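In the part that follows, the structures are each spelled out as structure tokens.
Paired with chain B in one complex and with chain C in the other, chain A is shared by the two complexes that follow.
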Partner chain A sequence: MNIAQQIADGISVSGILLLIALGLGITFGVMKVINMAHGELIMIGAYTSYVISTLADLPFIVAMAAAFVVTAIVGALMEVLIIRRLYGRPLETLLATFGISIILQQLVRIIFGPAGKSVSNPFNGALNIGSVYIPYLRLFIVGFAIMLVLITAYVLFRTKFGMLVRTVSQNRSMSDCLGINTPRIDMLTFAFGAGLTGIAGAVLAPLKNVAPTMGMDYLIDSFMTVVLGGVGSLLGTSLGSIVMGEANQLLTVFGGETGAKIIVFLLVIIVIRYKPEGLFKIERR
Partner chain B sequence: MRRVATNNAFGVLLVLFLALFPMFSSDFRLELMGKFIVFIIFAIAMDLVWGYAGLLSLGHAVFFGLGGYMLAISYSLQNGVPSFMTRFDITEIPTLMKPLQSIPAALLIGLILPSILAGIIGFFIFKSKVSGVYFSLITLALAKLFEMLVVNLQMYTGGFNGLMGLPRFPIFGEPMSLTAYYYMVLIITVLVYLFARWLTNSHFGKILKSIRENESRISFFSYNASNYKIFIFIISGFLSGLAGMLYVPINGFFSPLDVGLNMSTMVILWLAIGGRGTLMGAAVGTLIINWMSNLLSEQYPELWQLFIGVIIVMVVLFFPDGIYGTLKNRFGTYFDSLLNRKIDENMEMEMEKRDYANNLS
Partner chain C sequence: MKKWLGKVIAVGLACTVLLAGCGQSSGSESGGSEGDGIKIGVLFSDSGVTAMGEKGLKNATLMAIEEINADGGVKGQQLIPVYEDYASDPSMAATKAKKLLLQDNVTAIVGGYTSASRQAMLPIIEQNDGVLVYPMSYEGEEYSKNIMYVGPVPNQGLEQFIPWLTENKGKKFFLIGSDYVFPVQVNKQVKELLKLNGGEVVGEDYVPMGQSEFASIVNKIKEAQPDVIFSVLVAESAAAFYKQYDNYGLSPDTMPIASVVTNETDLSAMGGEVGEGHISALPYFQTVDTPENKEFVTNYHAKYGEGPIDTLMQSAYYSTYLLADALEKAEDINDAGQLIGAFAGLEIMAPEGEVTVDPENNHVKLNFRIGVANKDAQFDIIEESEAPAPEPWSKLLFPDHEEPWKK
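So, the complex of A and B:
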């Protein structure tokens, strides 16, 4: 097997993981909400992309923007109606969002039917460097993932909204005292995280079959990535996805794709056991 | 004491109903009911871990499936090398599977292996600072991992299709009639329930509940909380394995769906809706949800799922004690207070005295 090709494939898997984990990095990492409906947000993003780019035949970039808006609205509703009432009770939140995931899955199934849909690939062709073969779509996903991380970092660390998000996550009661409207910030943060997840779904839609049940696998992958890299750190999530993605590809020597995944999951479980704060968590103070 | 009267009355009525069920139901219904009674064991096993010790395991079907697969593989090995193995040019039964050729041995292995696995997982997780949410995430990964493992080891487990065409109702190689099997399952379930009730009412059970409420405080009282958690996890694994094995003969096939996320989330549903932290809630939730899903999912499959999702959210937001817990708190105390108001008053005075004494000391 061509090792260069493996590494290149690993990079594209890393890009996918980074995309799906980024939104979770906000909702789980910053807000500490265990969102079991994360996979369903990806699914909604993918369906939005299907509606816009396949049914309405609009450009792909419109689909991505629409996916952000739609899932951000869904996320805001989730936060306001349900998650807000359960702060400080992580296991209850987990259960409630699990219920939400069933509802969203079923709503989509009722609207679009249980059969999978496919979204046409906006980037045909592939890049050939020597013997290494990378489809343009995957190249775009990696580039887009990096861009999205940079945008998120900018929003979190260079804007007033980002400053408020970090303030509230560090000390909620103090922020309240300083006159920050914390419930509003919570809603916006969750909507932002959900929106990022939706974009991920839209971008990944051409790659895989768009179906109501597509969320579950993404859910586990994204949680593993966020936890591996370190909860609450953008850099950690990025590095975590690179490690997961490369490991997923390079370990295929042992028993194919599923075998590699089994080994990676085992490794992640061991990492959580010994370093629950994640591999790349930088200790501040 | 005051809760015991309603609990007992309700439990006796439920068992009586289940025991009389074969007399007025068709074979088809009886088979379904048998399945659901097996699920009660699984729900009780989950309740011990989640409802009593406060550990939400998202991958409890791993133990259920492990027990079930042991018996299912054993059944498949009865007539020589099964077809899913010969397809991969395996002409001899693998050495590791040799013990499974005997059904009694498989029954034993199906109980011991899940317990050992639960012990290993429990030791691995609870002897560390991993807690709460991370425990749930690890078990979630485990469930997915086992599902993939079973699908991947196609030559030994039958892969994605699972093990089909298993003989119905033989326990020690001898076939049983449906009704006999039903009663056997019912008796085992009642025994499991009594055992679990004894366990949760014992000193051990009280410590479990205090671990759920405040782990650091119980640690200050020099109880080793992690050992208690490991122990209850092992018991739960054992009971889940038992449920998995009882499920195989009545279902007739066993597939990766029974070992992974699907089954794990199902049991959480039953418990959350029925009422976790009470054993009767586990039984009630399992029976109600399964019957309703069976009746409604044929006519309105889509709306039924939607309904389940809405119910879960509602239960979490407004009825955290579930159906049984809420009803019991609302009405149970009322009935009990009619029955033993005298005793209650005496007890409360006792309690007040004791509280006062505690405060002084």
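So, the complex of A and C:
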């Protein structure tokens, strides 16, 4: 078995996990909303990419931008219409967003039909280093994921908006008292997280499949990555995705596909048992 | 806050009543003219995981019923379709089948998709002595005196395909599939056939349903250097695998993916350039050149819009015609034994060509074709012949199995 190739593929899988978990790192990590419709936001991003790059034949970068805008709008609507009314009630939020996920799936199925759609690969070819072979598309995904993390970190820690987001997530009532328009910040934060998720869908569309039910496959992986890395920590989400991606990829050598999944799930359970705050949570106070 | 909650509940209730009303009205519309028609249950899914495939089967079935009615119906009576959606949930399929049989008093049901859905319906159909026409290809090893199995069982696709592959493409096979009963059963027969044809298995792997990450498998394939990748990946995994195979620079010229499931719907989901050059063996391709097929494709596109047509949809279509013929032939159509008996030996010109019902085992003799995918997400047919007789229990795997229909 070509271990170097497995490690390289592990990095690309980590990039994919990071991409799909980043938006959740905001909506779940920062805002503490258990969003069961997270996978459907990925799906909406993928369908936007299908409409823009396959149907309208526009460049891929336009599709990515459009995916951000469309899913951010969907996210904002979700927040204003439903999630806002359920803050502090995680169980109801879980049920409501699960409902939204079914609605979104069926909506897309009605509009585009139940069959899968194709988005062609914007980066043909591959990088060849010795016996290691990395398709440009996967390379791009890794680079793009890292770039998105940096942008997100900048927004959260270096801008006024980011400061407000952190303030509101730490103490909503105190922020209210200080005159911060918390509903507006909540809406924008959720829209931002949703938009990031949408971009992930757009970028993954040429690599994976585009179908109404595709979101379900990403939901569990995203939550596991965020929880493993440490809820609320951007660095944790990044490192969590590397651990998950590499572990999964290397374990397939011994356990096969199904076996690797089982072992990774077991590892996550053990980690959560002994380190419930996640692997990389930095305690501040 | 309370007031607001009340409103939501009120609106919710109103919606439920409205929706229920809709369901009711569409139900009574189809069952309105009682007494002067033969009711046929149509049972597929509009939502849930398998809706992707089932939608086309539903369309094709309803279209066939309409055509039969326009042609004067059966025994001078119109066929009345009663549609139920089981939302991709096997236990719901059983409930709906019961409803169709007991409440709507349908003469027969056309429907079911996954083996799980069929197996959930089986006891209900048998207890209530109904008739189920099941249009899917499935793994075999089942017989019920109340079910007509109209799709192919594995031996019908594999017996000719594997020798063709070993002769034309090479002897080293890598087997992959989705992790459930159908792919595992198919690959069991593939392995037996490879032994007979001097082939060898250089790798075998199964992925969980819905998986779309194939970096590791592609890696293993590269290591193993097979001549043929034999794939029984279904639904969404198929498109993702073909795409990533292409990403990693593998080429169908040296290492084609051969499949007995990948059809036109899958090709359009992965895109023409990705699928080009890969091989499928199925009873039917949209490009089949018969007058019956031209008519079927034209009518389907006129009714439901342009889109890929695949072997499963075609199967649902002629299943309905077979049912109509059996209804015509049976003396007492409400007697399940007589109706199933009437199927035996029926011959029909389907879009795929001639199809005959095996007189013994409630399965069907079909056609066999090998197609190579082209840029337009269609298949160029390169081999055509009559498929072997159906063996629900493959003679290769179970040479001494007692055949339940002989009891």
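Just so it is clear, the second predicted complex is superposed on the first by the 285 of 285 C-alpha atoms of A that agree within 3 Å, B and C clash if a C-alpha of one lies under 4 Å from a C-alpha of the other, contacts with A are read in each partner's own complex, and residues count from 1 in each chain.
As a working rule, a contact is a pair of C-beta atoms (placed from the backbone, for glycine too) under 8 Å apart; a residue touches a chain by one contact, two chains touch by 3 or more.
This is a predicted model, so every value here is computed, not measured.
The superposed arrangement places chain B and chain C in clashing positions on chain A.
Once the two complexes are overlaid on the shared chain, A:Met216 sits against chain B and chain C alike. Once the two complexes are overlaid on the shared chain, A:Pro135 sits against chain C while remaining clear of chain B.
Contact with chain B, but none with chain C, is seen for A:Ile82 once the two complexes are overlaid on the shared chain. In the superposed pair of complexes, A:Ser118 makes contact with chain C only, with no contact to chain B.
By the document's definition of touching, of the two partners only chain B reaches A:Leu94; chain C does not. In the superposition on chain A, contact of A:Arg109 is made with both chain B and chain C. With both structures placed on the common chain, the touch criterion links A:Val268 to chain B but leaves chain C unconnected. Contacts of A:Thr258 after superposition on the shared chain: both chain B and chain C are touched. Using the contact criterion defined above for the overlaid structures, shared-chain residue A:Leu58 touches neither chain B nor chain C, since it reaches no partner. Residues common to the contacts of chain A with chain B and with chain C across the two structures: 85, 102, 105-106, 109, 216-217, 256, 258, 261.
Across the complex, chain C meets chain A through its residues 4, 47-49, 51-56, 179, 205-208, 210-213, 215-217, 219-220, 222-223, 236-237, 239-240, 243-244, 246-249, 265-266, 268-274, 307-308.
Residue ranges on chain A touching chain B, taken from their complex, read 34, 82, 85-86, 90-92, 94-96, 98-103, 105-107, 109-110, 216-217, 220, 223-224, 227, 255-256, 258-259, 261-262, 265-266, 268-269, 272-274, 276.
For chain A in complex with chain C, the touching residues are 1-2, 5-6, 9, 12-13, 16, 85, 102, 105-106, 109, 113-121, 125-126, 133, 135, 137-138, 206-214, 216-217, 249, 252-253, 256-258, 260-261. Against chain A, in their complex, chain B makes its touches with residues 54, 56, 124-125, 128-130, 132-134, 136-138, 140-142, 144-145, 148-149, 151-152, 261, 265, 268, 272, 302, 305-306, 308-313, 316-317, 320.
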